[in-house]
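The next block holds one structure in the form of structure tokens; read it before the comments.
To keep things simple, chains are lettered A, B, C, D, E and F as they appear, and every chain counts its residues starting from 1.
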Amino acid sequence: MTPIGPTDSLTQPRYSGAATFARLPRIDEVADAEIKIVGVPFDSGVTYRPGARFGPSAIRQASRLLRPYNPAQKIDVFQTVQVADCGDISANPFNIEEAIEAVSNHASQLIAGNSRLITLGGDHTISLPLLRAMHARHGRIALVHFDAHLDTWNTYFGAPYTHGTPFRRAFEEGLLAEESCMHIGIRGPLYGSSDLVEDAGLGFQVITTDMVAEMGPKEVAAQIIRRVGNSPLYLSLDIDVMDPAFAPGTGTPEAGGLSSREVLTIIRALSGLDLVGGDVVEVSPAYDHAEVTSVAASHVVYELITLMAIKMANGS
Amino acid sequence: MTPIGPTDSLTQPRYSGAATFARLPRIDEVADAEIKIVGVPFDSGVTYRPGARFGPSAIRQASRLLRPYNPAQKIDVFQTVQVADCGDISANPFNIEEAIEAVSNHASQLIAGNSRLITLGGDHTISLPLLRAMHARHGRIALVHFDAHLDTWNTYFGAPYTHGTPFRRAFEEGLLAEESCMHIGIRGPLYGSSDLVEDAGLGFQVITTDMVAEMGPKEVAAQIIRRVGNSPLYLSLDIDVMDPAFAPGTGTPEAGGLSSREVLTIIRALSGLDLVGGDVVEVSPAYDHAEVTSVAASHVVYELITLMAIKMANGS
Amino acid sequence: MTPIGPTDSLTQPRYSGAATFARLPRIDEVADAEIKIVGVPFDSGVTYRPGARFGPSAIRQASRLLRPYNPAQKIDVFQTVQVADCGDISANPFNIEEAIEAVSNHASQLIAGNSRLITLGGDHTISLPLLRAMHARHGRIALVHFDAHLDTWNTYFGAPYTHGTPFRRAFEEGLLAEESCMHIGIRGPLYGSSDLVEDAGLGFQVITTDMVAEMGPKEVAAQIIRRVGNSPLYLSLDIDVMDPAFAPGTGTPEAGGLSSREVLTIIRALSGLDLVGGDVVEVSPAYDHAEVTSVAASHVVYELITLMAIKMANGS
Amino acid sequence: MTPIGPTDSLTQPRYSGAATFARLPRIDEVADAEIKIVGVPFDSGVTYRPGARFGPSAIRQASRLLRPYNPAQKIDVFQTVQVADCGDISANPFNIEEAIEAVSNHASQLIAGNSRLITLGGDHTISLPLLRAMHARHGRIALVHFDAHLDTWNTYFGAPYTHGTPFRRAFEEGLLAEESCMHIGIRGPLYGSSDLVEDAGLGFQVITTDMVAEMGPKEVAAQIIRRVGNSPLYLSLDIDVMDPAFAPGTGTPEAGGLSSREVLTIIRALSGLDLVGGDVVEVSPAYDHAEVTSVAASHVVYELITLMAIKMANGS
Amino acid sequence: MTPIGPTDSLTQPRYSGAATFARLPRIDEVADAEIKIVGVPFDSGVTYRPGARFGPSAIRQASRLLRPYNPAQKIDVFQTVQVADCGDISANPFNIEEAIEAVSNHASQLIAGNSRLITLGGDHTISLPLLRAMHARHGRIALVHFDAHLDTWNTYFGAPYTHGTPFRRAFEEGLLAEESCMHIGIRGPLYGSSDLVEDAGLGFQVITTDMVAEMGPKEVAAQIIRRVGNSPLYLSLDIDVMDPAFAPGTGTPEAGGLSSREVLTIIRALSGLDLVGGDVVEVSPAYDHAEVTSVAASHVVYELITLMAIKMANGS
Amino acid sequence: MTPIGPTDSLTQPRYSGAATFARLPRIDEVADAEIKIVGVPFDSGVTYRPGARFGPSAIRQASRLLRPYNPAQKIDVFQTVQVADCGDISANPFNIEEAIEAVSNHASQLIAGNSRLITLGGDHTISLPLLRAMHARHGRIALVHFDAHLDTWNTYFGAPYTHGTPFRRAFEEGLLAEESCMHIGIRGPLYGSSDLVEDAGLGFQVITTDMVAEMGPKEVAAQIIRRVGNSPLYLSLDIDVMDPAFAPGTGTPEAGGLSSREVLTIIRALSGLDLVGGDVVEVSPAYDHAEVTSVAASHVVYELITLMAIKMANGS
């Protein structure tokens, strides 16, 4: 059965109609979807500039510009598999633990069949419940984490669940295939050298921004592929992995980051990996300008969908 | 049958979920609607700063903040009548006449039953086809037009259909109940004194911004009520009737305008008139800041819905 | 002893040096202060656009423009009483109840002597702990509340302590001199007519924005004076009582509000009341432009200081 | 001889072509002009937010929207007298006294015949040399000064010529018809009560913003007319006389100001006075948004031109 | 005869005076010009964010910062050949075909002698009439096209002339020296693989953004030089060839683009080619920030002028 | 004695408390400091967009995000040496020479002991008095100057001291160790070829932006190290050395610049040089967005502190 694709932009202008991701059908408009997009408007876990609760709507609005054929990967994405927009998960802004629970439950339902899931954040807190759902479905997960920050702190102000702690919690809960986990794009000052020591203790391999600059995107991708192998992969991308020039609309900007081109090039080169889930988080539209950040985020999501579609087209 | 109201903001945050107007149901989620909201993302008729094509989505996004009970009018709007969002009308940006035709046809279908219609613009060109649809359904229409400008020019660059000409065309086509038509909020320099003479020849009564300032909103409303009487009323509001301080996000700003409070007060005082249709046009989000303009526009739409609901609740 | 005033702007430019409020001395630079300014950078209680955590620094930055002599009140404010900036109260962003406790404790210490206190928010959640501290020191407090919203909801998402609930909690805790409490500037849609009924049950008198427009600022002030009488007064001002044109930098904007001039005129006319504490909340700088909102907020704070100074100069 | 008017907007779009004021001819395109517009891009006299050096180009850009017929005054301005744009006066940014000299000399040449002159600032420093030129041509000048601030300070950082001192210098130099001078719109805190005392000593009458609010624009105009009488009048308007909501793009904003409507209404009601020169200063575009400030400024200039044209049409 | 150069910035500040391109003389101030700059404020052909009608004035305003000596090319551009600003071509915003005709006619006159022409857009629709004028003067033209998009679509909403179709039309009309045409910087999703197939059928060679990243700017330039050879060259640059970080002010942004440095480096390395005409299009100032986009565009124009001047200095 | 470090961000949120640089102690809170940070809010020397007077407060506000451990250099900066914020130097905005004198005097006092000094500008004029102070303390200084512009002009409008002339003056005054001076990042058009000739005559070596792009940051650093050797080094960085995409908030932007990553990489590789002083100038916040520029500036300052700390830790 041919998938139902996006609204036709040649007869209905791209700036018109409802802003589902990439103008794709809503989940209630299709029988089921092999790839699902869902938003989690939640930012109660942030430590500096808030506002990522408006991230999902901004990314969807920017995604109006996406088109169905990916020339870099030579695939007509939305004709290959059914992709659908599942709306937003309702998350309590006043109770982080309840919100985490809601995300985990809702995500589990969304991937109950064979669906792959990409989530629009929201702050990075939400990756923990998403990994819980992934783990429940797929077992230990290889995590490839694009971010300026490690996000493996222990607590902040006594709180165990914040946007700085999801991956330590995930490790502690046994969700991760540790030998396959990586941080990409780390940079900027830390609280202490112990941040790195503790992070290494969780099994993460770090490719800093400087290392990306030196080895180039292709080699970075090659290292990721070697480390992940055949494990089910979850790719979590904090938009602040990009330099503030490319992603001003975020909460904890760090100078000296990656360009959007470098990020997209790395992701495209991951073709073949078994990407079962992903997220793009920390888009804070109040700090964006001219949709620069949300356009970049929408392209990342598009490339994640493409990776999934390629894998599924090849019989995964 | 109880109408289906907006998504409950106490369990699903107002910043989450799809941005239908006021978080109301889509038209396909209800049997039918007594009041319909539709967008016309079209701005090919503008003469200065473009961008009103993004008006419908911006007004809907800002309308997330609206709540169901209108204390100024003492009515629970969305429990009184069924209101629904009908999405956007697709209008060809490269062919003004084709776009006008599409709007007219689509609007006629939307009001085919007993539905009243409020349109989110888009530039002021669209009022002509909307008045055509209204006239076809209700006969000659009383037009109350809030605007800094007369919009009764003849042509611009040889073009008969632009955002400066809709009401001259409507007059020529015999759509208007001339003895009941008014401009409210006119101000700013004109091309010549003939602009006013010709406008008066079309039967319009003018209440300038200065006159509003002197007589006060209540008296303005009283004059409107006297002039409109029992005629079927169409209220068209160009957001530039407000001062640029209150509505920076528009295409042809004029200093010295009305405040949003004055505008809302006038409209609320029109209770009892038989408002069959209305529009809020010329919101150009690229020039807006912090949603100031689109929030104001969403409140105008809300008050128009309320006027309709009051009339219908009273057995119109 | 002559108070230590602000840094001299004629020898040290106003844009230089540390941004204490109005360039006043820090509390550690003076023996003690009769009027204290403190910030509470906290916004975990908001329901829509966050960011008020950056309010205190933005208001202080804008307050560089303030000068010591208030011509409308004919008083050299900072020569009359010692005013000092006490910095910020540290409030846990991940635990609302802990944050409330910290604010209450810290504020109690600040007013332990005979000091009066003005707080720079932060979201409206913080008024509850501030009222607790005021009550502990002064007994039942008359509350005059400027806001577009009632802020007497019960819960939101199950949470009892949010920016929409402080004054219901304050009532329930017996902090308020109910017969002396008022809301000024209420406007915009509500969740239901019960919002008003329940609010009235808490003893609040409501002067809506429309009533202010009709009776004028002087009469509003006269009504406040009559209602408050000699009670110790706490004045809480949500910046959204002003129209978004005057205060775009806030979280839940409502069109049709008061002008900054109307607000300042009302407050100035309250001279003689026993203002023991006050706050200006909900300034969200990410949505501000050219400091419009924070300049307006800084003027409100300045007028509150003036009211206190007048009272103290007259032997309160 | 019929004056050469602005470029025709019905055949050449208003957003095209060179941005002379109101799209008027350059002075080299006409034999001579009865009213001249000149810019002074200079802001080295400011004490807080700089940037008014870009004021002239911003006001001209915004003035593209002006049209030739002024309906409030019932006059086709640009058909009545020849108005022309004389470009910018080059003023040394690194030497205030040299800049003042250049402005004075250049302005004297511009008004050498019978021309009237309106200047686009630039900061308020430039009013001093403009008054010098006016005095040399017309003798003692009645000054009507719209501003939030008195601008009659003595020195700042030892400097006698800044944007806070022009009118004290003008008084000292004997340029002013003291018994005819006024400040309109004064508000906000001062350095001390002596500011007002000293200002009164210079002969100024003060109508504060609060007084404008109470007596209304018409009565303000009546008082101005009474005080100015038949004296040659110079009207200097600092855009910060308007509230920051109406004029965010300025250097020393004060909350609680006039609306653009109030300002325009006062100015229009001055018809009949012998306005020989005027300026609109302190427009700082880097702080503007959507041209709100520069549009308001362009309307003020337009009304000043109209006042001059009316006087000249009546045989002044 | 020594060319008349730009206004001297050491005696007249660069922010003062009329904003001709690079502060060059107007065409009516010089006998004739060997290189002409003209604006086409037109954006009725855009499919997403409009506003490029304000592009010419924004680029000219930003070009105030340009200086006459190009150190990268070791040439004093404006002393080598006479360059002049020819103002704007008036283009009907309501009739695309009439606008195209006007541009073609006007451009033909401008290049009637031996003048080379650089056009400031405006949207990409205008390249078609410019190529028509070039072809009429020079015969088949080699086109080097910098853009994120192919712009060789067939129609959009039934319209043959839009900003997405100029180069297919140019091919069909036989204007192009096909064997010498190239796209540089293509990236982002397409409507289908047929987009590329059809484009190749028109004879274009594609160097994608990824290919630029891999081969480097110098090699890209070498390939262009090889392909263009001695043909008369038209270089058309859509500013969206740059990443949105470098050019946010445009209508259809695509993440992952070129840096301004890469673009400038490629263009500088084209020295020696016979550049007879060029354009820089799709600058949409309402989406720009701090003139980032228009500064970049002005530098591109400056380098195009330089290429022409080098060629002419060498006796072309 | 252990240095007193920044406020602990794990117990007091980073957005709270006074904005000293990196939340470090004020100088009056520590006995003395080995590295001192001072602001010079001064911009009276600029030739285009002003506003750098607000640079120090913006950089400090952005520096709240910095953390104490520098992983790229493997050093806990603020535990190694005492760093303190010394507030702002008061500089007369109306008298450039007096301002220069004040900066020179104040800086001399700050470095009287063995302290190293980093200054937050302010415009580039201030580097001259800072070099005077450095020279008085250390003798001839090696200057490494990151900038898009040479800043070795002679005069501008007759003024010898502006932001375009500091290094010519420094040379003339014999402050520089000429054989060790360099410009890094030069690009963009000049007034004439003589600019380069004269600059070379002052002994500067130039590494243009294009040369950085070709040789890479590491090789640039190597060349700097070779040229500077053991000389006492002053590093002056004009933020416009970065491309406007990375630093929009500045006064004279030039397209085609360095990325923040390239700049930071070069600076980090200078480890071992005897950096005795440095400045980061020309941050103009009114043109910034989302703190992109001031975040980048704060990171540069952080790396300069690190270089000093490394040198001191190694016994310099």
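Rule of thumb we're sticking to: contacts are C-beta pairs under 8 Å (C-beta built on N, C-alpha and C of every residue); 3 or more make two chains touch, one makes a residue touch a chain.
For clarity, every value in this text was computed on a predicted model and none was experimentally measured.
*Asks:* Between B-E and B-C, which chain pair is linked by the larger number of C-beta contacts?
*Replies:* Here the pair linked by more C-beta pairs in contact is B-C.
*Asks:* Look at interface A-E and say which pair in B-E, B-D or D-E is its repeat, using the rule that over half of the contact pairs are identical by residue number.
*Replies:* B-D
*Asks:* How far is the middle of chain C from the middle of chain F, if each middle is the mean of its Cα atoms, in Å?
*Replies:* 40
*Asks:* Please tell me the distance, in whole Å, between the geometric centres of chain A and chain D computed from their C-alpha atoms.
*Replies:* Comparing mean C-alpha positions, chain D is 55 Å from chain A.
*Asks:* So which bits of chain E are touching at least two other chains?
*Replies:* 11, 13, 15, 47, 49, 53-54, 93, 156-157, 243, 245, 259, 287, 289
*Asks:* Show me the residue ranges of chain F that touch chain A in the complex, using the header's touch definition.
*Replies:* Against chain A, the touching part of chain F is residues 9-11, 13-15, 64-72, 74, 76, 243, 245-246, 259-261, 264-265, 289-292, 295-296, 298-300, 302.
*Asks:* Once bound in the complex, which stretches of chain E touch chain A?
*Replies:* For this pair, the touching residues of chain E are 47-49, 156-157, 187-193, 195-196, 208-210, 213, 243-245, 248-249, 252-257, 259, 287-289.
*Asks:* For chain D, which residues are in contact with chain F within the complex?
*Replies:* 43-47, 49-51, 53-54, 92-96, 98, 156-159, 162, 286-287
*Asks:* Hey, which residues of chain B end up touching chain A in the complex?
*Replies:* 11-13, 15-20, 39, 41, 53-54, 56-57, 61, 87-91, 93
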